[in-house]
Amino acid sequence: MSTMPIATTRSMTGIPTGRLAVWWVIGSEIVIFGGLLACYLLLRNLYPHWGESAAHTSTLAGAINTFVLLTSSLFVVLAHHAAERKRHIAAFFYLWLTIGGGLTFLLIKAFEWSYEIAQGYTITANLFWSYYYTAAGIHASHVIVGMIIMAIISFDVLRQRNLPRVELIGIYWHFVDIVWIFLFPLLYIAK
Amino acid sequence: MLRLYVVVALSFSLPVVASPRQGKQTYAFCAVCHGERGEGNHTVGAPQIAGMEEWYVREQLLKFQQGVRGTHPEDIAGMRMRPMARYLQNTAQIEAVSAYVAALPTLKSTSTLKGSWVKGEVHYKLCIACHGADGKGNSQLKAPALVGRSDWYLLTQMRNYKAGVRGNDPKRDPVGMTMRPITMTLDEQAMIDVVAYISGLR
Amino acid sequence: MTEQNFWQKYIFSTDHKIIGMQYMFTGMIMALIGGYFAYTFRMQLAFPGTEVFGFGTVSPHEYNSLVTNHGTIMIFWVAMPVLLATFGNFLIPLMIGCDDMVFPRLNRLSYQVFLLSAIVLVASFFVAGGGFGGAWTAYPPLSAQAKYNMTQYGATLWLIAVALEFVAFLLGGINFITTLMNSRAKGMKMYDIPIVLWMIVLASILFMASVGPLIAGAIMLLFDQTLGTGFFDPAQGGDPILWQHLFWFFGHPEVYVVLLPAMGIVAEIITVFSRKKLFAYKTVLYTAFATGVLSFFVWAHHQFIAGIDPRMANVFAVTTLLISIPIAEMLFVYIATLYGGSIRLTAAMLFALSFLAAFLIGGVTGIFLGASGADIYFHDTYFVVAHFHYTFFPIAILAVFAGLYYWFPKMFGRHMSETLGKIHFWGTFIPFNLIFLPLFFLGAAGQHRRIYSYELFSELNSADFQNLRVLATVALIVMLIFQLPFLYNFFASMLRGKVATANPWQANTLEWAAPSPPPHGNFATLPEVYRPPYEYSVPGRESDFWPQHEKPSGESKA
Amino acid sequence: MDLIIEQASSFAADIDMVILLIAVLAGFWFFLAEAVLFYFIFKFRQRKGVKAQYITGTRKEEKKWLHWPHNLIIVCDLVIIFFAIKVWYDIKQDLPPAQEVVQVIGRQWSWQFVHPGLDKQLGTADDVATVDELRVKVGVTYHFKLESRDVLHSFSVPVFRLKQDAVPGRVFTGWFTPTKTGTYDIQCAEMCGMGHGLMQGRLVIEDEAAHDEWLRNKAT
């Protein structure tokens, strides 16, 4: 493992390098989701009958998931708070609570999807369901990636290394959360 | 300047003569749809052609080229075939590829249709005169072999004959013309049955 | 620094210079593949149906696949990695006076993803059914359904390869932007950054902002191909034109993503070899910004006749012609820079000047295509082909060669042979014009793109037109042959060339303050910056250059 | 343009006019810029004892060399935009009333044309459907209904200067008026798969008598 280059330690803008990079990551992610949702909205306007399909989504499951994700975001804020005060055990604990939130989210999603698929609403059922599974699927994959990175960071934190990274994964987790806040009304509530 | 082109053309290309090698090369065009072994591809409407008689392949390629086949608005698969056949520019290429197709080992066709073998046998009596009791065809009468062809393809072609999509040109396709009255006597189910019977032949 | 074995040093390196070179060599190999494809299908067009030396006869299916992958490779696996990643990786840390990128391991990952994407693409040529043949734009439903394109695996692998490549450049781009924003040498202010870095970073931002919708689109298309969804299938309620919007929303900015770095490279070279300060540095930046912003509002000029609302075409015709203004102004700046200079025609300078001359043709012919009325006729003809080759060829070939000849001493510590370089230049530039000028004419005569053979089209099958096609093909072969002196020059000079000093061209920018080649860590002591990058021939100074890192105390160190 | 390829429709000359206009305006700037470029390269080549000048390009009298071309190019652009949009409007947006209608259907890899029969009405029993052959009467304004049955195609008739993509699931209407008789190529201009390069049709423009004769032959 090479030593950290001087480049990484410089900060001409005053923003720490890691945070700057995460913001750029989020910037590029926003256009990915933005593109997908723009397509969805465009077609949704063209085809009002999509509402019938949307009526078969489970608003309750979606609402619970929204609550779960928001709660996990709270935990990640607490983790950041703890990390800033160098309370690494607490940070570790809160990070795993966040991961637990992510897991719950995925579990509910899994039940919800298997129920819907059993009813015949598969990804090929019609265009609404295609968008539904694709958008939520890409979002879920972000949740999974976030959880993996968070797990790796949590063990670093336990060894009192790379504490600032808690903030970075926190920013990312908030972003994933916000994407869901867009997805939930668009896919579930709008009937 | 022209001489330069000729020199360059010669140094980069080989003269065109009919040869087994050319048959194999030309067949590469066909293999995209009809498969390396001539096994066909139902999704793109390409029938199994392995072991098809040389004279029949040649004649049909010429018919596609001249627009006898593949120019009827209802013949969708035929319209896909026509531009391909048109690309074979010289007779040497057609000869070579016909020989190559004929030399491909005949394959057993898989059945995709459910018809009554027993009823089919009755209807097949109409066909025996030309195509033979064994379905091996008769080159004298320009009747191709029916065994080894895809069953869905046989059915499509019978429908085409019946609807006048194929065999509707008395001047340029008199042989195809003879198929029309025969198919006129068969209804849809009868056609399926007879195809089922043909699939059972070997 | 501990001793590193070969693998650590060259294959799994995190050093930005090595990663830059990895991109460069991968790009070179892909360029050879792309060139081979071009040779094969040009031979088919010149001598239809005959056996092509080194390939065999070309079937219509293979022809489509060759054309498609030639385009894909040359843009995504040659222009992008060489212009953005090679020069970006190599130059950014050196030119801002720094030891490495801010995220060296992210940088390595980006190359590895890129390499994987190249391998997936090459693999797609060998699967059953052959490589994807639905044009590089991959319009559905053709690209979405195997029953139409007959390349079930080829199409999917192609799509995965392109998506992976996007991911690689997103990772790389984040690194470029962050590095330039945060890690500049002490004293290097906004307007002290060399133009080429501005351009690379602007290009990265453009890429990042435009590629997102296409990544989403690629996932949708992938589902269409593999799961049978109907995002772009009208039979299932989808809309094939949606893909065109997603594609060109990325596709047009992509042109500027590769153009801007090329412009930057040329700016560096013409200032050094004419010993001039860049004319109106800020104007160049503003035109680059303007181009970047405008490029998001021109995409539908690729779709004038694709069935979009005809009223929309009017809006896009206006924006498209407007974008010609900043680009033209940028070219005027470069020409103005030459005024009053002392021009040294080195190989690098020849390539840089030929970039300007050739790109002008590309830019001017673009106006025909952007004007909606004229585009009805020119759309999808060889006029378009010739037009974008007159833009992409200068960008991806001429500017890259200019950059390679210029920075070669820095990369490898040795000089390339100037004589061979000039032979290579004339052997590239003249045939290049002979390839594509006939194509303008053929396009104006109504010859369409991606046509396997013109023998069926009576209007196009005349002997005169065929002679033009043969001329273009012969010129291509001549051009490919003249790349051999370059390859020899490149590899022989790497081992045996004249040893270069730290600053052989007497240039100002910071990379020349480091030894040639720079060791791991680049600078013995990290430099500081005291002045803008193009202070050449300043009145009252003995020497005609004034390096950025030189202390302003008066005594000359250079 | 008409020297390279014939004009066979009423709007071909308009499109050629726009092309010529752009060629003149853009060509002027192109030759000017290239001339200046090569002159500079020659004039300011390296000479012993001549040092390069120090010009920042930030002073007003220096910047005028950018501003004047800049403003002039805007003017040229506006002229081009005006004529381009005018021609575009006439061809694609403002359809003159149709005298007859033909149906054009793109398929992998053939063109199918449905001509109205002698009654000049489409959708009646005497319609004549052909593959890869379009027959029209000279001097008659046609509307075409363009469809595709599988993938994207593009209906392109170079002598008409006409081009329109065909999109499955949609019907596009356009128009043309042939102005001279003859036989010309129809091409497909949008990649449509393996046979794209072989997807060729023929356009036969004939006078009314010959066309009716052909229709009568088809009817029997």
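So that you can tell them apart, the chains are marked A, B, C and D in the order they are listed, and the count of residues begins at 1 in each.
To be clear about the criterion, contacts are C-beta pairs under 8 Å (C-beta built on N, C-alpha and C of every residue); 3 or more make two chains touch, one makes a residue touch a chain.
Given the structure is predicted, the values throughout are model-derived calculations rather than measurements.
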Handout entry: Per Cα centroids, the chain farthest from chain D
Key = A
Handout entry: Among all chain pairs, the one with the most C-beta contacts
Key = C-D
Exercise for the section: Averaging only over C-alpha atoms, locate the centres of chain B and chain D and give their separation in whole Å. Expected result: 39
Fill in the blank from the handout: Per the C-alpha means, the centres of chain A and chain C lie apart by a whole-Å value of 35
Practice task
List the centre-to-centre spacing of chain C and chain D in whole Å, with centres computed as mean CA coordinates.
Solution key: 29
Practice task
Calculate how many whole Å lie between the centre of chain A and the centre of chain D, each centre taken as the average of the chain's C-alpha atoms.
Solution key: 48
Problem - Sites on chain D at which at least two other chains make contact - result: 108, 194-195, 198, 200
Practice task
Check each residue of chain C and list the ones that touch at least two other chains.
Solution key: 60-61, 150, 452-453, 456
Completion exercise
Among all residues of chain B, those touching at least two other chains are 32-33, 84, 86-87
Completion exercise
So the complete set of touching chain pairs is A-C, B-C, B-D, C-D
Fill in the blank from the handout: Listed in rising order, the residues of chain B that touch chain C in the complex are 1-2, 4-5, 8-9, 11-14, 16, 25-26, 28-29, 32-33, 43-44, 84, 86-87, 89
Problem - Contacting residues of chain C [partner chain B, same complex] - result: 43, 46-47, 49-53, 56-57, 59-62, 129-130, 146-147, 150, 452-453, 455-456, 467, 470, 474, 477
Exercise for the section: Using the touch definition up top, name the residues of chain B that touch chain D in the complex. Expected result: 32-33, 67, 70-73, 76, 79-80, 82-84, 86-87
Completion exercise
Residue positions on chain C within touch of chain A in the complex are 14, 93, 98-104, 170, 173-175, 177-179, 181-184, 208-217, 219-220, 223, 227-231, 236-239, 242, 246, 249, 521, 526
Problem - Touching residues (chain side chain D, partner chain C) in the complex - result: 1, 4-5, 14-15, 18-19, 22-23, 26-27, 29-30, 33-34, 36-38, 40-41, 44-47, 50-58, 62-63, 65-66, 69-70, 73-74, 77, 80-81, 83-89, 91-93, 108, 150-152, 154, 156, 158-159, 161-170, 172, 183-185, 187-198, 200
